[in-house]
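Pasting the structures in now, so scroll down.
Shared between the two complexes below is chain A, which pairs with chain B and chain C, respectively.
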Partner chain A sequence: MSATALGATASQHRRQKDRRKLGENIAGWSFAGPATLVILGFSLIPMAWALALSFTDSDLMSPGRNVGLDNYRALLADPVFFQALRNTGLLLVLYIPSSLIAGLLVAVLLNRKVRGIGFYRTCFLVPYVVSATATGLLMGFVFDRDFGLVNGLLAKLGLPLQGLLSSPSQAMLVLTAIFFWTRFGFAVVIYLAAIQEISKEVLDAAAIDGAGAWARFRHIIVPSVRPMTIFLTVWGVIDALQFFDLVMTTTKGGPANATVTIVYYVWQLAFSFSTAGYGAAVAYALFAGTLVLIVAGLLLARRKGVTT
Partner chain B sequence: MRRALAAAAVLALAVSGCGGGGKEPAANGPVEITIWHGQEDASAKSIEKLVAQFNQSHPDIKVDTESGGATADGMLPKITAALTSDAYPDIAYLYGSWAPNIARNPKTADLTEFVQDPAIKWQDFWASEREAITVNGKVIGFPAVVDNMVVLYNKKVLAKAGLKPPGPDWTWDDFRAMAKQSTDAKAGVFGATWPISGGEEAVWGLWPMVWQAGGDILTPDHKKAAFNSPQGQQALDRLRGMAVDDKSLYLDSSPAEKGQKLFESGRLAMFMSGPWVLPDLQAAKVDYGVSPLPGTNGNHETISGPDNWVVFQHDERRVKAAATFLAWLTSAEQQLVWMSDTGSLPIRESITKLSGYQDYLKKYPGIDVISANLANAKRVRPPTTRYPRVSAFVAEGIAQALLGKSDAKTALDEAAKKADAALAVPGS
Partner chain C sequence: MRRWSGRWHLLLVPMSAVVMLPFVWLLLSSVMTQAELNRFPPAIWPESIDLGGYRTVVERSNFLRWFVNSIIVSGAIVVAQVVLCSMAGYAFARIRFAGSKLVLILVIATALIPFQLTVIPTFLIFNEAGLTDTLGALIVPQLASAVGIFLMTSFFQSFPKELEEAARIDGCSRVATFYRVVLPVARPALAALAVITFITAWNDLFWPLVAINSEDNYTVQVGLTTFQGQHRADWPAIMAGTVLTTLPVLAVFLFGQRRFVQALTGAVKG
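And then the complex of A and B:
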């Protein structure tokens, strides 16, 4: 075999390889392309646009002027923004632990062979599936101060009536409860799936070794579902920080801004107050806050030796 | 590979589909225009019926109706998005208070010259409507609907409390006394209601009280709040007394406006609202009466919220077609059909002289009072893009006061401080 022949085969080989690689690239991109375009079109480009918007005084009706960092400076002096932060923070602090604990407990309860278990499982998921508009309107009646079911029940029991949605100090708590009711079904489903993955041998072995129900729960179930706990925490943080729809349909942020959440405030600023530039700045503040919370949470989880 | 090509083709189709809304003008053939009417139920049927009639009698123009995917309440965000993405209609139904914001967009059409045409009889529209569709001297569309605030009362509830219907000279003190007397906490009956959610609905009922007493919302140059004047304090203090001391006001924290449902079910003696609830009240067979607002020193000034058909520019032909259609739609004959279908008020003075007007009055008992009350609608809310922001601050103050968390003066002063800061920011 001469050297030239060898060279020819090598280059031929390379060409073939290149062509195959090109073909693979085209095939790969043709699969990834549509999704990439969707992500670009509906996430990244709007995000970049919102960032640009946050440096202007645009009202979305006319091209705004460049105002530099003025919107971000205004943020620091805006009492409604801080109220929205407090309201959203309260939701976060109450919702995350309660949804994790209740979700896991209910999942354990639902993980047994009882007649009609499918019905019970459905019950917990229904509030998650029902539209927020329907839930909001319904709950507006349940938690009404003067005509609602809750105060009606309290009156029957002879207990003091509550301000509920009409009370600036209780309205956010009521909304948190409604939010919990609509969302924790999701945690139940995720935990239920995870618990069903735990091998029966492990549980049986523990039982033979004398572990009671509590010990099995504490030392087998809880550690086994930890990846799900981390996932649900991250998911819940995002969900709670973006709380909007129920506010819109139950209180519109009232009474006296007691239930204004950050995303509701962003919406108000952009579409009711014609200050879209400022609204975009608030949205970016939320984005930064979310990012910090989640990265901190994941680092914490990783340090504890859990990989997700 | 073939599959990838197909996917790319589908995607290309989808992308080009997203950019829809802009129709290419056909060189010959009818001009096609789109209207986002934002109407529901009976009103939607009525407008679609009228458009079909127009399309038949005007072969050179073809009007397509779309709800715009939004109700009238949600049209501003919808049109804002549509204008940003260049997929806007030729005509949209928009509240009068939004006109200053809308007019800032360069795509808003200028019909100032068009309405000079004597055939349009522009002066025949009520003055407050013409004011609401004109921004800085530029006419941006046609008046669509006009309304005003009245007090609706449930005859049975008042009679049960031993009260007579309000007379023409009644005052706000009468209103308060009647509300107190008709409240029956055990039976779950309230004298009246006030919204305390964060929206404009919580605020606009306060302004007639302030105006009647000689106060105003903002200073004439729109630079400072004026609502925390003694007139404003007196108005809010009266409401606070009703809510906190008399407990005669049902405080409605939901944006779903439960007030109307409570009024229909006999749990409210009096309800401040407008003509748009009459068809519902009739359907619910409520024995209701209508009265102008209570007065201050004989002044029964009310508040109105004129709604507009705003025209947006695509090209000359389409603007002209849109204006031609609106001139037809808002003419007296067509309006009488619309009014009879929906219970709306006359938008032109000449409508009241048509022979069919009497049938309309008979169809909607009480509408005559509301129609006559148009004469009491003298002022509009300040036409500034900052008004919605100011209104939100006032809504917060009203909620604080009515819930007894703050007195009227503190609540309004606090709101005025925030409003002044918002008004001081440069820009329009």
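And then the complex of A and C:
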């Protein structure tokens, strides 16, 4: 009798626990469900759809016929695609290292009990929060070949005028410089927060042991902000690969496709040339490339982290 | 007290000047006359304050309407994200429910998916639903964000449990605990999320450009891109439009700067 009573309380206990677990599941899903649905719904479904689309000749308004791998084959013979790859690659190669280096140096400069540190930080962040549209319109004028401020200043100084945004060889460099200007404040803020975490004792001890400013920078600061460097690199790659607004508001891809980036090309293909299927293929090719780049980079970073 | 260490300013002042000068000149050029901007080289300093550019923007374009559209869209997105992301973040940090870890990882991984990959099908979804060219199409995909969930989850993870436990023991339900006990204490994190969401939503160009056709439904950013074509050579008007478009975001940034920086750095550390 006592055994059955014991069994009864045990099963009652279990039922209670089950009910509590059920309650937690209901609570959890009703709290997290709506946001999760929106995010996964607007990323996973379109991702699968884009893949399917990339095997068709859809013109955006009709579903299109299945063309197998034709779009991907066409990609390999498309000079504009390779031009867009080169332009985007140039942006990455110039922007990532320069923003990391400038960001870290300015952060080190700001990491002092300097009066007005908040003011400087604000200055460096303002270009980051102003929209790329506004920046594009402003800079489009500043760097305009015929009426712009830059050429105006060069003229006043008696220096040769430059082609700037109208020059196929300079336009992408000018856009890269503008992009750098809008973004390096982000690296400053992230690095500054990390540097402020480094204990003052460690730095002071190193100084007492005779480490100069450079040695402290090289052997204490740089290694301790490594996680931020990795984060900023990954984030910078994603950010730079989505480079669109500035192109749209300044050069519209010109002159002679010199500033067509991959995203701008995808947008053109899908929404102005009515070749959505091919656009999806270009987007997928870029996505696959990015993923490989980021994963390889992270593996490399981890391997280096183990050996040093 | 902070000591005045002058030599660092010798480096920092010119650097911040170089960063800020384009904006100073933006403001100056918006009150110049067309003649001052259309000659070469353009004027550096306006001879007098001329509000013609602003008058053109307000009187001869749909700018005010676009501005209101942007306020509606960004406002709705901010409210939705503050509610939905804080709820989800709380659930992921505190409630142990089936699948929570996997879903959280999946949600955060979506931050790596570039928008150009999903934009064509997203357009098709709204087109099928007959919702393109509405402000709703601009709001719905942004109702929640991976960054927002990530921010709120890491905030609630670092948040002391005792308060909620006391409320739960006193017989408060999950929902009541969340609204009466947790949210009031989470106000700084919510403010940070609101600031970062507003800036992102206000500045967005790509999706509104794709989803909106009629001029009446433009956001300020889309409207601004049409200025170049419509007010060709009317540079003071273009600059005035740029100033007006930038003001709200600048105001929110300056007002909520501390929260904004916290959100940026918190997202990285979390």
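Side notes on the structure shown:
Quick note on the criterion: the second predicted complex is superposed on the first by the 303 of 308 C-alpha atoms of A that agree within 3 Å, B and C clash if a C-alpha of one lies under 4 Å from a C-alpha of the other, contacts with A are read in each partner's own complex, and residues count from 1 in each chain.
Operating definition for what follows: contacts are C-beta pairs under 8 Å (C-beta built on N, C-alpha and C of every residue); 3 or more make two chains touch, one makes a residue touch a chain.
What you are looking at is a predicted structure, and each value in this text was computed from that prediction instead of being measured.
The superposed arrangement places chain B and chain C in clashing positions on chain A. Legend: residue contacts after superposition of the two complexes on their common chain; A:Leu60 is shown touching both chain B and chain C. One of chain B and chain C touches more residues of chain A, and that partner is C. By the document's definition of touching, both partners, chain B and chain C, reach A:Phe147. Of the two partner chains, chain C is the only one touched by A:Tyr120; chain B is not.
By the touch criterion defined above, A:Lys304 lies against neither chain B nor chain C after alignment on the C-alpha atoms of chain A.
When the two structures are aligned on the shared chain, A:Phe271 is found in touch with chain B and with chain C. By the touch criterion defined above, A:Ala134 lies against chain C but remains apart from chain B after alignment on the C-alpha atoms of chain A. Shared-chain residue A:Ala155: touches chain C; no touch with chain B.
Of the two partner chains placed around the shared chain by superposition, chain B and chain C are both touched by A:Pro34.
In the superposition on chain A, contact of A:Gly254 is made with chain B only, not with chain C.
Once the two structures sit on top of each other via chain A, chain C runs into chain B at 75-83, and not at any other stretch of 57-65, 75-83, 111-119 or 327-335. Comparing which residues of chain A touch chain B with which touch chain C, the overlap comprises 27, 31, 34, 60, 137, 140-141, 146-147, 248-249, 271.
On the side of chain A, the complex with chain B involves touching residues 26-27, 30-31, 33-34, 37, 57, 59-62, 137, 140-141, 144-147, 163, 165-168, 171, 248-257, 260, 268, 271-275. The part of chain A that touches chain C in the complex is made up of residues 24-25, 27-29, 31-32, 34-36, 38-40, 42-47, 49-50, 53, 60, 106, 109-110, 112-116, 119-127, 129-134, 137-142, 146-149, 151-153, 155-156, 181, 185-186, 189-190, 193, 228, 231, 238, 241-242, 244-245, 248-249, 262-263, 266-267, 270-271, 276, 279-280, 283-284, 286-287, 290-291, 294. Taken in their complex, chain C has these residues touching chain A: 2-5, 8-9, 11-12, 15-16, 19-20, 22-23, 25-26, 29, 37-38, 40-42, 44, 84-85, 87-88, 90-92, 95-98, 100, 103, 106-107, 110, 112-125, 140-141, 143-146, 148-149, 174, 178, 199, 202-203, 205-206, 209-210, 221, 224-225, 227-228, 235, 238-239, 241-242, 245-246, 249-250, 253-254, 257, 260-261, 264-265, 268-269.
Those residues of chain B lying in contact with chain A across their complex are 1, 3-5, 7-8, 11, 76-77, 80, 83-84, 101-102, 104-106, 188, 190, 196-199, 202, 250-251, 253-256, 258, 262, 267, 385, 388-389, 392, 395-397, 399-400, 403, 405, 427.
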